[in-house]
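The structure that follows is given in the form of structure tokens.
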């Protein structure tokens, strides 16, 4: 990395001041917090709300919070939720309609005016937000609801100092250090028996806020400690994925016997689609009141694992669990490239952790790559 | 259509039914007033039509693209939404979003022979193409319209087919899957009409629309006859909720049918059509 | 008359490319027939002792059952052949064939042709290779009709 300029050191109070300042400026500040034995993203008012001294133990179908020996604020990786719960809400009323004498009229919902500030966004999550930006902002149609929440969102990134049990951001080239996509970035390091935060601004808005916070200059040994922390994460990834040529590999192996094999394990519960930070599929619900005078349309998250998802003409196109698992995995790793010129997977490992039977996307890809079927590509 | 909701492509414009026509036992055509700006569309494009309080369905435009002042849709009442739409009466309001999708590339047929193969309701999305071909007749070579239906009482646009049939400058052949005594026309699958039609395969463009099984078999028959896969166009159909490439429902391998289709060439689709549950 | 018949055989698409020696061999089995519109070429239960090369007009293949109007399941036009039942015993028609318009055809005597194929297996092979594609195509078409693809989904 080129000679870094603008690194400063914040201590715990400085971080607390950052959260308070953002709140005072009218942001809705959200960040990691412990609830129901998991780390979830919710409203926070100060560092007291952060999961101090907690870490997460993750593996296929396994997630436990454990006490650390210290009181690090960011000593864990990612939980079952992602920032998409704020940017692409699970339920959203799109519009309402009223029937009158002469027919009906439609009234749009107003976009929210509150601005969002995210504290503790991991590098893989920044990559995931960038992927959803492509889906919702860079196609022929723009999603105004996503845009209203995304534009003006203040992002405070955290560089991981340890890797999770199912992490593979290194394989997907999305981490562990965030290079861009943030307003402020933090790396938690031990300094003089306490934790401090090597901090840099990533945007003019970030620099402006950072300048107001209590801080001291960062020395070279602080930067070295941050590099060492990130290296620690880099070298302890829980999983790896050989993503080279995976688009063609999967699209050429749509009838591979491995799909039958994984289908025997997959419950089609859809957990993977709920926890995945890039999954974006939705459905709409149209409802009217009992009198038939008012109606509304709501958008809600949907999953390609449901039977209804591909329903046409009296049946589902993808009726078998095999076809639905195949759809999810080939979309995530292969056809996403055709659609958005990027992978859909950022290597966060959530789908592995939160699968009740521990199906591992990296293992499935490995199995197909190890024994590809000869198949003509048209 | 009006631009008031351009900011949110999920919000419909409200329009009014002008007249309706019952085509078959379960099929109605709605003529809709699109408003002062009219409704411009390309043959093969579709709209999302909203029935108040019930929901939306993706329905192809079935009218004449040269008549922007009339918006025409032909709807088969098969589910809650389509039934609600099909039963609208003159004066009723409905919601419209669109037009969406890539339609039939009629320009690709300039100076070529054109074979139109329609199965069942597939004739409705193809009708705008037929109107355009007739309006610009001298631009094209031979034109054959081949239409298949279940039985004579299930034949869509029968009187229009008869009128086109009476023209000397297009060949119209219809067939039914089965018939009783007073039908003197063809009986048999629509692919048999392809074998019998007169066109110059190396210089032919085909537009095919109907149930997926029928389109597959028709496309194979056309290729067997020497028409290039890149010049055979089919119209795909999948579950749609948004029509703008955001809900994910209409994916067919790497394509969003609403955005990359619904029309695609057989060369592109051939392999996917042979795969189950893609 | 024989002269005209061998020309009709040579020209009919079903026998396209047939070696001249075979044309001469089978012409003895052929006769020229005409059916008025509405007349039956054959009926269900009749001995299947002929097949027809359709030269002009349309023929509807039908099934009838008591109490129902006959259902047409296929229409054949000029250039096509009618009747494949003659190939296999018990050589009985299982449906009706009705002339929709005035029909001109070449009737081929089935027993005559079967005997010639038994004597000359090369001729037999040539005939089989012409009939089998017709059977396969009709089977595939029939399957499509059974699928009832245009029906409203349940």
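A, B and C label the chains in the order they appear, each numbered from 1.
Going forward, a contact is a pair of C-beta atoms (placed from the backbone, for glycine too) under 8 Å apart; a residue touches a chain by one contact, two chains touch by 3 or more.
This one's a predicted model, so the numbers in the text were calculated from it and none came from an experiment.
Geometrically, the chain at the heart of the complex, using CA-atom means, is B.
Comparing the centres of all chains, each the average of its CA atoms, the largest separation from subunit C belongs to A.
Inter-chain spacing, taken between the CA centroids of subunit A and subunit B, is 40 Å. Centre-to-centre, using mean CA coordinates, subunit B is 36 Å away from subunit C.
Work out the mean CA point of subunit A and of subunit C, and you get 68 Å between them. Residue numbers of subunit B whose C-beta contacts span two or more other chains: 78. Within subunit C, contacts with two or more other chains are made by residues 153. Multi-chain contact residues of subunit A, defined as those touching 2 or more other chains: 313.
Those residues of subunit C that touch subunit A in the shared complex are 153-154. Taken in their complex, subunit B has these residues touching subunit A: 5, 7-12, 14, 16, 50, 52-56, 78, 92-93, 95, 237-239, 241-242, 244-249, 251, 253-256, 259, 267, 270-271, 275-278.
Residues of subunit C that touch subunit B in their complex: 58, 60-61, 69-75, 77, 100, 140-141, 144-145, 147-153.
Subunit A contributes residues 94-95, 97, 99, 102-106, 108, 135-136, 139-141, 143-145, 251, 254-255, 280-284, 286-288, 292, 295, 297, 299, 302, 304, 309-313, 317-320, 322-323, 327, 330-331, 334-335, 337-339, 376-378 to its touches with subunit B in the complex. Contacts from subunit A toward subunit C in the complex involve residues 313-315.
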